[in-house]
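One chain, chain A, appears in both complexes that follow, with chain B as partner in the first and chain C in the second.
Presenting the complex of A and B:
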């Protein structure tokens, strides 16, 4: 009996459960596959087509994602002759790892002192800011800074990946990525700084537990963060780095098989992680609930955000790199400054 | 020298108007997403009834043919050849070469050749693509069966959707 209890204890231990199972690797992989299916289906609906259908007609081609996954994972990994094989294999793995690491630091739900299946971990993952436990892989009181810092590392590894593949399309894609990274990081940092000033904290959990969703308290920051998120993860209309018709999926041109899954999945995982941040900060996160149902509710919100970002593929074309830069520096940077001012004012007047 | 006047679309510079345009675009996309207006023809299950006079596969009326060889002479792709069957000349057609120009049908003095409305015949090898007079004599106007029934549909111009498919007959 006690062995069973110990097994349950270690199974639901947040550092394992969060990272590997629920909002972590396994759940993210399933969501990633569903997202790719949804992306194709949504684009097809808007463009008056059917999209994937014949794989399983009864469920609207939903099994297409399984077929895609099998095909992608089991296709041959081709390593070009004139590359450094170690770096060539390592680069996409590093990209995927560092896109995934922020997911460990995002609070997914609060743990009440008793009554929940997660209550045994109340004291281990105790957050002194909100006087509750947190359902989180690793608790840091200043998790906004750490998440932003870790997600800002990713472009470096994308550059490394492009350089390692020794391909001109990849280099062009990497140059585009480096140009874009300068603009989207500023937007994401400024919008989150505005929210942090507004709620007088650098802890995402405290922002959520305040009870006022950020989208009401600071809609400008929500807008800027959302567009920064689109840019950071290469979703339309900012799919400039991967531009399939111009630079042949940019930095991952030379990759095939599992390495391509890692290289391409990276941007989806970043989108999912930033969707969780968006859901926590701007949409109230887990709020009416807590414990495991709260995490489920939070991930439903995050999936809606994620699916909205991929839905935009159907609506927009692709901006040129200069248009994207002009848009971010000329139009969105003033909005970001305005959101900072709004955050200062509202933080002094309303949110204590 | 006169300056050539180039007319350009005026670029929208009002950021609020720009933002409203973006919202409008997303709203339009969402409208299509919620209320899909598909115009895809699901081909193997439903097939389009083609208009009369469609230049599809060609058939021969063996009893009308006078064996004048004009069709074989005019064929620009050398798809049509004449064979002698029981002392009389008949055309054969090789669909591996035919370019569906319809010259043979036009040139036939007795209207022994006719363009059918079928364009989606499938062959499993090249030998099957040569139609000897007996096979050439058969009518083509049959739907190609695919897992049972093929739904014949007709394309109609619709005010809202653009193109709509209605069942034919």
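Presenting the complex of A and C:
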């Protein structure tokens, strides 16, 4: 019995369970495959066609993505002659890694002192701000700052990747990425700063546990964060970095096989991570549940946000880079300032 | 393209110099056809663009010097298979001028019908390609999906979706049946409904408007100077359409308008195309309603069809079987020029006959060929991201330009 108990203890240990199984690597991979399937299926519905179907007719072609993934993973990795092979291979791996790292720091659910399968970890992952345990890979009280900081590193590796491939289209894409990164980071940071001021904390769990969803307390911040998220992850209408008809695939132009999966999958992981942040901060996260069901409920919200962002593909084309920059600096930055003021006011009057 | 950083010896003094660079876009371009564009960039601004056509050159003009007049019909359709009725019609009109044939009224109406169905299909194809250039995948799928409706009509009428070879000297190959009339009516009703959705998701989409308004502006003077044709010319405020200026087929008997927009930007070119689809449907309605009874082939050729074959094919299925004359007829010496308004603009054929079974010379000036110079001029000074938007707005089709 004790061996089984120990096994269960280590299996559900959040640092392992969150990072590797749920909602970490394995769950994220499954969600990403389903997301791409949904993206194609939803677009197909709008566009009067079937979308993926023939690989598995009974489940609407959901296994098409598994087939695609297997094909991509086993296809040859072509390394151009005139590149530095080390950097060429390393860059997409770094991109993918740093898109994933923020997921470790996002609180997915609260752990009650007793009654949950996660209760043994109550004291280890104790959050003094909310007087509960947290279902999280690694707990830091200032997790908003750390998440923002880590997700802001990704563009640097995208630049490295483009530089390493020594391709003109990649460089043009990288220049676009760097220009966009500057503008969307400002938006995301400012909207989260507004919320942080409003809730008097830099701990995402405290914001969630306050019980007032951020979208009610500060709808402007939610709007700015959502658009910043679309820009950060290259979803339509801001699919500017990888614009196919303009710069082939942007920074990933020269990549093939597994490296291409790493280079392109990164944006979906970022979207999923930021969807979790959006769900926690603006949609009430795991409330009113806690423990594992709370994490599941939180994931459902995040997946809805994620699927909404990918659905925009069926509605919009892409903006030009200067239009996106003008939109973010001229129109959204004032909205972000307004959300900051709103946060200050509401934080003083309503949320104590 | 990239900014060059210079570090002086004193410290971190950074000077940003806009660097010129060149991009080779294509020839395998993620759009239509094969063509290379040498783009010279200064930062994000296009300084110069040179088009390098010829990747899909088929040698139509030279090949036609070695083929009989009938065998040239499928050949001239090849450069623009999605606009093949017009390619076919222009050539046949030139040949008919040399032969001196009168075409029966009903055949003229049928030519108009096929041409307008093909014009709608061609515009929808162009719009689809344009939409995917802008990243709008729904417009792409809808363009190709709606085009299918019109191709079905062409298939029922001519027997082929594209490269129909429908129009022959002296008339057309097949007659209109009540079933096809019904198909056309249904298609018009469907397309009118669908155009409302098009306006909602594509034309009035703020994203698409932002991408197209004030992009690739061509003034009236420039449009005339650069030799723009078709919808591109009409979007710059020039009232010019061969169907009105020099009516052929049954265009002088139907009532329609030529949409003209003054703005001359890519968005005006989009609106012109949609307005033309609506006008084409108006023409189709009138053709269906007013089409006269009668023969679909000139009597001169009709009389040569053997009676047994005539009974089986013409009376049974309302189809023309080729009389022996077509096998290798030798038109009298002479030359002829013909103009038609193809989907992309004015299409000119010049045929010289030396009295043999093959033309001495066939010259075709396609609308896309004339778009090359317009394209090179119009993209100067615009942003690199506008290159696909302008490309799509001109509806440039490389095989048509290369011939």
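As a convention for this text, the second predicted complex is superposed on the first by the 352 of 352 C-alpha atoms of A that agree within 3 Å, B and C clash if a C-alpha of one lies under 4 Å from a C-alpha of the other, contacts with A are read in each partner's own complex, and residues count from 1 in each chain.
Here is the rule we use: contacts are C-beta pairs under 8 Å (C-beta built on N, C-alpha and C of every residue); 3 or more make two chains touch, one makes a residue touch a chain.
Predicted model, so just to flag it, every value in this text is computed and none were measured.
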Here chain A is shared; do chain B and chain C fit on it together or clash?
clash
Is chain A touched at more residues by chain B or by chain C?
C
Go through the superposed model and pick first if A:318 touches only chain B, second if only chain C, both, or neither.
second
Which superposed partner A:248 touches (first chain B, second chain C, both, neither)
second
With both complexes superposed on chain A, which partner does A:239 reach: first (chain B), second (chain C), both or neither?
second
So in the superposed three-chain picture, is A:175 touching just chain B, just chain C, both, or none of them (first/second/both/neither)?
second
Pick one for A:48: touches chain B only (first), chain C only (second), both, or neither.
both
Examine A:76 and indicate which partner it touches, taking first as chain B and second as chain C; both and neither are also allowed.
neither
Which of these chain B stretches, 9-17, 27-35, 81-89 or 99-107, gets into chain C when the structures are overlaid?
99-107
Could you tell me which stretches of chain A are touched by chain B in one complex and by chain C in the other?
46, 48-49, 314-316
Residues of chain C touching chain A in their complex?
1-2, 21, 23, 30-31, 44, 131-142, 145, 201, 205, 207-208, 210-211, 383-388
Give the list of chain B residues in touch with chain A in this complex.
15, 18, 25-26, 28-30, 32-33, 36-40, 42
Listed in rising order, the residues of chain A that touch chain C in the complex are 43, 46-49, 168-169, 171-172, 175, 236-237, 239-240, 243-246, 248, 313-323
Residue ranges of chain A in contact with chain B within the complex
42, 45-46, 48-50, 311-312, 314-316, 331
